[in-house]
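Consider the two complexes below, in which chain A is the common component and chain B and chain C are the respective partners.
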Partner chain A sequence: MIVCVAVVGHQNNPVFLQSFTDSDDALKLHHIVHCSLDVIDERVNNPKKSGPTLNDTFLGVLYPMDDCKVYGYLTNTNVKFIMVTTDTDLKDGDLRSFFKDLHSAYVDAVSNPFHIPGKKITSKSFAERVSSIVKSFGSGSTF
Partner chain B sequence: MIGAGKMKQYGNVLEKPLSKGRHEVSLSAFAFLFSELVQYNQTQVDNIAELERRLEDAGYAVGARVLELLCHREKGNRRETRLLGILSFVHSTVWKVLFGKVADSLEKGTEHEDEYMISEKELLVNRFISIPKDMGTFNCGAFVAGIVRGVLDSAGFPAVVTAHFVPMEGLQRPRTTILIKFAEEVIKREARLG
Partner chain C sequence: MAPLPPRSGDAVFANIERVNAELFSLTYGAIVRQLLTDLEEVDEVNKQLDQMGYNIGVRLIDEFLAKSNVSRCADFKETADVIAKVGFKMFLGVTASVTNWDADGMSCSLILEDNPLVDFVELPDTCQGLYYCNILSGVIRGALEMLCTSY
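Right, the complex of A and B next:
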């Protein structure tokens, strides 16, 4: 179950945040996303591996907590996608395709000439696309 | 389709499936739109410097979006951190997507360390434009300069980009050069990376 999806700009400014549960801890989700930004920064500045994996976009598990995991994805322009989920076992391929779909939706939203770079994404169609991607992610992984 | 018997006949043109479309736009449509853009901006400003600035700002917005789009479409998806890397990216990939061919040349400036030049015999946007004598050194390539500035800025290489006409012997029309002057911090970072 995906709990929330967030998009953070290259100056660590929040561009989009959407939670998919009805629980009231939206603040807790904000906090989790904020903490995971630190993990991303430290991964980017001190790479463990060098060579071809240095500029990889998918960052993997950022922050395992007791009930949920946080996954990160970094684009070429330093825009970060963060996903918090309560699922315990997720396949790498599923995650990568999820982030790829999210990236496509993000590029389409940014290509909007009325979108000001750096401000929050206010497009309703982007929010709908993200919701449909999240829904199809959950059902796609079960047989 | 493999193994199809006969082609399906569509009674109505509206029933035909939409083709995926070639990634091309007609040159005349673009030239018309660009000339309208220049004319519209000309009515809003009083002097040439302001006109150039407006064209550049328009190009900046395009450049930022082009970078996002290209980085998503490219399979390799490497983030450019080196100066030469981002310059060759602009020189080949961006030019190819926007104008259908790579730029003519990429040179490093001789006087200053932080200057680079991308030259083109004739910029696509200038093909149907001729500058009247009283406008002096104005160049509609300021739009392309803005695109380059947008790409470089969004990639983390702030720079000042301008477009100039450079007269060449043997050619009737002068060559257009996009001059890229990187900010201090970019040069320092590049020196630190070694």
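Right, the complex of A and C next:
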């Protein structure tokens, strides 16, 4: 179950945050997302020799918490996508395609001439696309 | 030389030079954004887009007639059809449908199902009265004005 999805800009400014459960409050999710930003910075500044050579780096599990895991994805422009989920067993391929879909939805949203780069994404269609990507991710992993 | 038969929109579109659709949409979006920043009033922007379209239309009509070889239209209905099928196809790559004719046959609506100008665009709440594609109305107005010999 995906708990929330967040998009953070290159100056670590929040661009989009959407939660998909009723119980968790936004503050706790903000806190989780903030902590994962630190982990991302750490990974970026200390590239491992055996790290992935792909440009659009899928960062994998950032850190496991008690009940959920946090996954990260970094684009070339230092825009970070963060996903918090309570699922325990997720395939790498599913995650990569999830973040790829999220990336293309994000690209379409910022191509809107009325979107100001750096400000929050206010587009309703982006929120809807994210919701549908999240829904289809949940059903895809039952195979 | 015998007059060439009128070419359909597809035939003309196949032979004409083209531009990347994303570049086109992003450029038009940037123009509208800049007009909004400069003029601030939505009505002013609408007027300016119409005027820009008019200036384009008065020049575009010659290229259209030269490349498409359409014959003289008998009435306004035919004119609307030619604009929708040949004109839009030639310059935007999409055809429009003509609907909503009024009783006199004096006005109609051209509906664009798939408009390349508005890819990625979502109007914010502050610009709800904006006619984003008003440049197209200006183009049609300019082109038709050049053809009008009487009235």
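The rule we apply is simple: the second predicted complex is superposed on the first by the 136 of 143 C-alpha atoms of A that agree within 3 Å, B and C clash if a C-alpha of one lies under 4 Å from a C-alpha of the other, contacts with A are read in each partner's own complex, and residues count from 1 in each chain.
Everything that follows uses one rule, which is that a residue touches a chain if its C-beta (ideal position, glycine included) is under 8 Å from a C-beta of that chain, and two chains touch if they have at least 3 such contacts.
Everything quoted here is computed from the prediction, not taken from an experiment.
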### Query
Is the number of chain A residues in contact higher for chain B or for chain C?
B
### Message
Quick check on the superposed pair: does A:S123 touch chain B, chain C, both, or neither? Answer first, second, both or neither.
### Response
second
### Query
Where does A:P113 make contact in the superposed view: on chain B (first), on chain C (second), on both, or on neither?
both
### Query
Counting only touches as set out at the top, which of chain B and chain C does A:G60 meet: first, second, both, neither?
neither
#### Entry: On chain A, positions contacted by chain B and by chain C
111, 113
### Task
Within their complex, state which residues of chain A touch chain C.
108-109, 111-114, 122-125
## Note on the structure
chain A contacts chain B in the complex at 10, 55, 57, 74-79, 103-104, 106-107, 110-111, 113, 117
### Query
Inside the complex, what are the residues of chain B that reach chain A?
61, 64-65, 67-69, 71-72, 77-80, 154-156
### Message
Which residues of chain C touch chain A once you look at their complex with the stated criterion?
### Response
22, 25-26, 29-30, 32-33, 119-124, 127
